[in-house]
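Multiple structures follow.
Both complexes shown next keep chain A, but they swap its partner, so chain B is in the first and chain C is in the second.
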Partner chain A sequence: MTFTDNSFQKKSKSLPRTIEQFSFWAFRLATYLILIAASIIFGKIIYEGGKTVFRSEFPFINVPFLTQAPQTLHVFEYKGEKMEMSDSEFRAWVTAQGIDGSTFKTTSYSYSGGGIMPAIIGTLLLIAGSMTIALVLGIFSAVYLSEYSQDTKFIRLIRLSIVNLAGVPSIVFGLFGFSLFVLIAPIITETPKNDALWVIPLFFGNYVLSFQGWGVSLLAGWFTLAFMVLPIIITASEEALRAVPKGFREGALALGATKWLTIRTAVLPYALPGILTSSVLGISRVAGETAPIMFTAAFAIRDQLPWQVQHWQDFFFQGVMALPYHIYVVSAKIPQNEYTSRMQYGTAFVFLVIVFIIALTSIILRNRARAKYRW
Partner chain B sequence: MSDPSTKPNDNPFRSRRWHLFGVDSDRVIRTFFAGNALVAIIILVLITIFLFKEGWGFFPQNYQNLKLYRQTGVEFVDVLKRHEEDFSALNRFLNNIRTQEVQRHKDAGETLAEANERLKPFDLYLTAFEEGGYDITDLVNELKTTATELRSRYEIYLNQAQLRSNLEKAGRTKEAAAIELVPVDLVDEVKSIQDNLPRVISTLGALAAHVNQMQQTIPREADTAMTARLEKFRSLLIQYEASFPALQQTLRSWDPQKPVSAYHAVTSFIFGREWVTNSYIQDWYGILPLFTGSLLVALIALCFAVPFGVAAAVYVNQIAASAEAKLIKPYIEFISALPSVVVGFFGVAVFGEFVRYSSQAEWLSWVPFFPISERLNAFTAGCLLALMAIPTIFTLAEDALNNVPRSFKEASLALGANRLQTTIRIIIPSALSGIISAILLGFGRVIGETMVVLLCAGNRISIPDFTQGVGIVFQPVHTMTGIIAQEMGEVVREGLHYRALFLVGIVLFFISLLVNFLAQKIVRRYKLGSN
Partner chain C sequence: MDSTLPKFTSSRPPAAQLGRVMIEVRNLDFFYGEKQALYDINLRMFEKQVTAFIGPSGCGKTTLLRCINRMCDLIEATRVAKGEIVIGGVNIFERTIDVIELRKRVGMVFQKSNPFPKSIYENVIYGLKIQGVTNKARLDEVVERSLRGAALWDEVKDRLHESGMSLSGGQQQRLCIARAIAVEPEILLMDEPCSALDPIATAKVEELIHELKKSFTIVIVTHNMQQAARVSDKTAFFYLGRLVEFNETEQIFINPTDPQTEAYVSGRFG
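Let's turn to the complex of A and B:
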């Protein structure tokens, strides 16, 4: 028996080994195909959208695109030159040239001129409001689930609801938000509408509580989106709370602190970074959803900016433009050609950038929090 | 809370907690948190209540609608109209043959004028065929106008009567009296439609004779392809001719007073094969085309997402080096942040065109259903949805693989199995329950996804044609989620259409609950070490 007969030595060309290598390559190929497919989408939108958003000369960014409202784009030939103008520019130009605008022939593409500033602002407002609501409700629920609850039937029912809520399709949330917030939710007003479901007098001036709905409004969108992300926030927050070592709580309780004092001083501060970072994932979900806001908060076009309202209350009851809905509108309602595609890709690009900044923040914050809080 | 130093005589063991209505502060806070936790249940209950509140009224309204359909004689006309439409379809078939023939002659190098000259005898036949249908078309149009006019008059009458009784209830008698009611005697008026029966029967008889004669005088052509098509046409004609006696029987025995069963209002939704809205004859709300569309798209998506998602999970968990895994995992999770509307837009702008373009490629011409004509179809939507489902399936499946105890792997390797054998025979079977529930949740995600299918599935409302074999995947479809998103903005509140959309929402809601329930059940039932 020679030394080379060692049975532990790798046999490089046995059949099982070939099969193993072959299969591993198949798995690897499948994995990288996913990555490539996703990269193609990213790449295409970044490349095409970048052409809209960036400029080769100073200030390098297409400022009008980010600061104007969407307009109709007019394309026409004038003195042998091909001109493209958004509606407001076109009017000014027509007046300056002294041409009769009503007879002048142009090809028009709706939504393709101007910019997307109202949509950007609308999206940011929707995110901010809905996340505030969802975080408050979600963190409190999570505190209860992780700090107070025992394994009772009631708690199991709550957990079951949370899991099921997470699986409800977003369009169903849209329908729900429409039927509850848009049509029925109560407001305090002096002049109730005729079709209000109930009107309850408040015995305070002429004010009544009128169940007449909030209409297509920011408020309706906030609550719809907040309820949709709630399961994500609760699950993430509970995980973060559970990650705080038991010893912290026991130490505080041993020093005579009440349960609430313990939670406030020894648990929440340490869990908060974890809660916030995981919740950012919820934000990117909120930002990306179109279906729930289609009938609750989004307008296809609105020229005024959200703060241009008469009363401060009106701020909450106005519909807004939103980037995801705008993308839907420009990709479904107008044809694809060289003039419209700039708006389409540009909007998609800006939207992707916003969502990715949020998602990246969450990943970076998470890594930092992990490094900082080790116990 | 008082400062203890100012009251030195206080009992040091006295509870310093504040009280509210005699309840200790901790309990108050606890109840407050519990109330927040209740929100999840409340929302779920509210969703159920509000979906049902808006959707349930569909059934009584639909029942009413179906009753009117019969009592006003629209049904009578509709039966006849369907028959007439069959005739038009035959006519179109014949016209198609002509178009193909012209193309064939042109391909053979003839000019359009020459081709037309050659087809003259055929054109004579075509015209003769078409002319035979004029009578029935006129008759259908005439009856249609009478019946729909009768229905709308009756509906106005019902609405006014409703309004009047509402006003009377509210005590506004003067306004109520001002409303003019034009009573409609349905039983009497529908007779005027039914009185046309002899005329209808004779027109149908003439049409049957015409079809029979046309069937026997189909022109003979030298070209084999054309002959085959005409033979097909002949068999269609024979089929059509055979349907006459049954139709005449139906029309003769049709009775406007025959009661509509309430059961039918439910079955016409669940098993209805048509979703027709804003029709001037009769709207139909059958969920079957939408349901099959959703299912088809979801299955296509899973066909891609399951192998890729699970393979990637296995690769990252078992095969990849740790540095590689650390890069791949966040990237795939990152894909889940990709907004669905952006994916849908990509489908409209790039991927749909790509699918159509590649189906025209020379080397794929052997595939029977290539090249495809529609760039937006179930396949386009399915592929993109697969990409959206992959992160869900990947993350959950990877978790399941991760939860397999290390000792399983070590034992297997120690017994001499190589890594592939260990993975396939030990790790995957141990994690199978988790993987299956991951797939189920992926399915839930796909069937509930709205924007991608709305933008990319082609939005043709019809049950996919199963006779086409695998080619079915390249048909445009409409889906349950898509129809809600598309039509919700345009419907009259509390109308039948509005309620039908809510009912579709209810179906979706319960599908998602069912999927969730199954996924949890599987995980719990087959959890490692549970038995």
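Let's turn to the complex of A and C:
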């Protein structure tokens, strides 16, 4: 018998081959689309934001944008020249020129002058506080869940609630934070508010425990954001703890280490890189979310810087500006024009850079920890 | 009590057999949840002798070994239903037992070498460090003594501050032995210490066991019958959670009384 059947030879125009080609390109294009989307987003923000943040002459950076609070922008014509000045500049200029400011005609645009320094500081404070709370609570719970707890129904319920908590929309966290921390969280004070929910005397001077809420404050924002990222931190920390070989625990225990000593010296150090990885994800979320802070911590405008408070306690009970909320305010709360758009892109650019720097720092820290404790 | 122990049929009782009983297992029943893993085990291990536990997989030998320093506690839902293990005159399953102290006196070397990802030096002093010893001179001395004791000193003395993970498999296992003997235990439990090692590294560890038994009472679990024959003074053969035969190693291998033992040591099953 001669071998005449050549069915295995490639036919250039067969249906299976077309399907093959089509599916290959479908998958490939879907993947490339991500790159395109990312380039457009970053490209647009860097291009537009760069115009606000950078300057063509020395010092090449728009210093007032990074060091001033938002101001009203005055736009006017003077001796045939178009002038743009922030409110403070305008006042100085008016005085210097000896013009009567009250009769001088300008068009003014709110929030479009000055800078975003209070928002930068506010965001940094929100990240620092909420990540501290979330990491402490998260690592403690993860250690309990992975090292101490046994597989009981109650523990399964806890795990279920962690998974569910991760799926709660951030605006719900915002409302939760508002109703709990802003309105009823307890403080110790000598002068409770009249509308406090409960007032419990402490038999300690005139102090009472007053459930009057923390108000729109850093503290309320910290806890709201912390609860929002807690599921991420717990889940990732638990995984990091589980990834530590069982042999390390056994080795330490067999040498007469107590359970806690074993965890502290033979488990946690090796789980640290993984935990730091989870905190990178947490930082981006904490920094980026607007919804949880809009009711709990963010002010649309605040001229004073956070440390300009009368008593140190006031530091925790003040609202702050924050970058994501500022973007929201200048994009949605005020009339739009070419001047607000500069502010939006400038803020978005600075915001991205800050998140990038923090994430990079965590990654460097993690790699250091990895290099130190490799197994 | 003696009546419950398997009979010593040795015709040649060596002097060592008359040594002090270090570990005495009495009527031990052990459960993993509902599943019984050990049935009525009775066994005596003597001071400065090597006792080998042999038997097919799942016969309970590792379980019994892990009971001796209460590492069995680490697994959920395990329990001792009956019986006791007596070390130094006390039942180690008593509620009043300080497990931490027990484990300092009963060291353990695991099947898979498990040095910490720290320097060789840090690995050896781990046990002392957690006891709060900080005296540098004392630690240095312990490191040298322990590494010498584990026949590793000459190979690593110039790189004590390199990671323990950088050593070869056999060296890692000896590092783990050094770490275990650094806290000066009286008893050393070895859970298949050579199962992951090549023949040369195995030979070194076996040689080491001969040295170690001058200072420690050793209990070793092994799958390798030649190894049991080479290193141990006494051998216990387990099958399906029961102690089938316990005797002088020589007797077990040359003249076993139980047909099951005979079948196992001659390689006909297991």
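Just so it is clear, the second predicted complex is superposed on the first by the 339 of 375 C-alpha atoms of A that agree within 3 Å, B and C clash if a C-alpha of one lies under 4 Å from a C-alpha of the other, contacts with A are read in each partner's own complex, and residues count from 1 in each chain.
As a convention for this text, contacts are C-beta pairs under 8 Å (C-beta built on N, C-alpha and C of every residue); 3 or more make two chains touch, one makes a residue touch a chain.
Note that the coordinates shown come from a computational prediction; the quantities given were computed from them, not determined experimentally.
A.B. asks: Please indicate which partner A:I61 is in contact with in the superposed arrangement: first for chain B, second for chain C, both, or neither.
C.D. replies: neither
A.B. asks: Looking at A:E250, would you say it contacts chain B, chain C, both, or neither? Reply first, second, both or neither.
C.D. replies: second
A.B. asks: Taking the superposition on A as described, I'd like to know which of chain B and chain C A:A128 touches: first, second, both or neither.
C.D. replies: In the superposition, A:A128 contacts neither chain B nor chain C.
A.B. asks: May I ask you to decide whether A:T258 touches chain B, chain C, both, or neither, giving the answer as first, second, both or neither?
C.D. replies: Both chain B and chain C are touched by A:T258.
A.B. asks: Quick one: is A:F140 in contact with chain B, with chain C, with both, or with neither? Answer first, second, both or neither.
C.D. replies: A:F140 sits against chain B, while chain C stays out of touch.
A.B. asks: Any idea whether chain B or chain C touches more of chain A?
C.D. replies: Of chain B and chain C, B contacts more residues of chain A.
A.B. asks: For A:I364 in the superposed arrangement: first (chain B), second (chain C), both or neither?
C.D. replies: In the superposition, A:I364 contacts neither chain B nor chain C.
A.B. asks: Would you check which partner chain A:I99 touches, where first means chain B only, second means chain C only, and both and neither mean what they say?
C.D. replies: neither
A.B. asks: Applying the document's definition of touch, where does A:P324 land relative to chain B and chain C: first, second, both, or neither?
C.D. replies: Once the two structures are laid over each other on A, A:P324 reaches chain B alone.
A.B. asks: Enumerate the residues of chain A that count as touching chain B in its complex and touching chain C in the other.
C.D. replies: In chain A, residues 258 are touched by chain B and also by chain C.
A.B. asks: What does chain A use to touch chain B in their complex?
C.D. replies: So the residues of chain A touching chain B come out as 16-17, 19-20, 23-24, 26-28, 30-31, 33-35, 37-38, 41, 44-45, 137, 140-141, 143-145, 147-149, 157-158, 161-176, 178-180, 183-184, 227, 230-231, 234, 258-260, 281, 284-285, 287-291, 294-295, 324-325, 327-328, 331-332, 336, 341, 344-345, 348, 351-352, 355-356, 358-359, 363.
A.B. asks: Taking the touch rule as given, give the residues of chain C at its contact with chain A in the complex, in rising order.
C.D. replies: 69, 71, 74, 76, 100-101, 103-104, 107-108, 110, 112-118, 126-127, 130-131, 163, 165, 176, 179-180, 183
A.B. asks: Mind pulling up the chain B residues that touch chain A in the complex?
C.D. replies: 17, 25-26, 29-30, 32-34, 36-41, 43-44, 46-47, 50-51, 53-54, 307-309, 311-312, 314-316, 319-320, 328, 330-332, 334-335, 337-346, 348-350, 387, 390, 394, 418-421, 441, 444, 447-451, 454-455, 481, 484-485, 488-489, 493, 501-502, 505, 508-509, 512-513, 515-517, 520
A.B. asks: Using the touch definition from the top, list the residues of chain A that touch chain C in their complex.
C.D. replies: The touching residues are 150-151, 245, 247-258, 261, 265-266, 270, 373-375.
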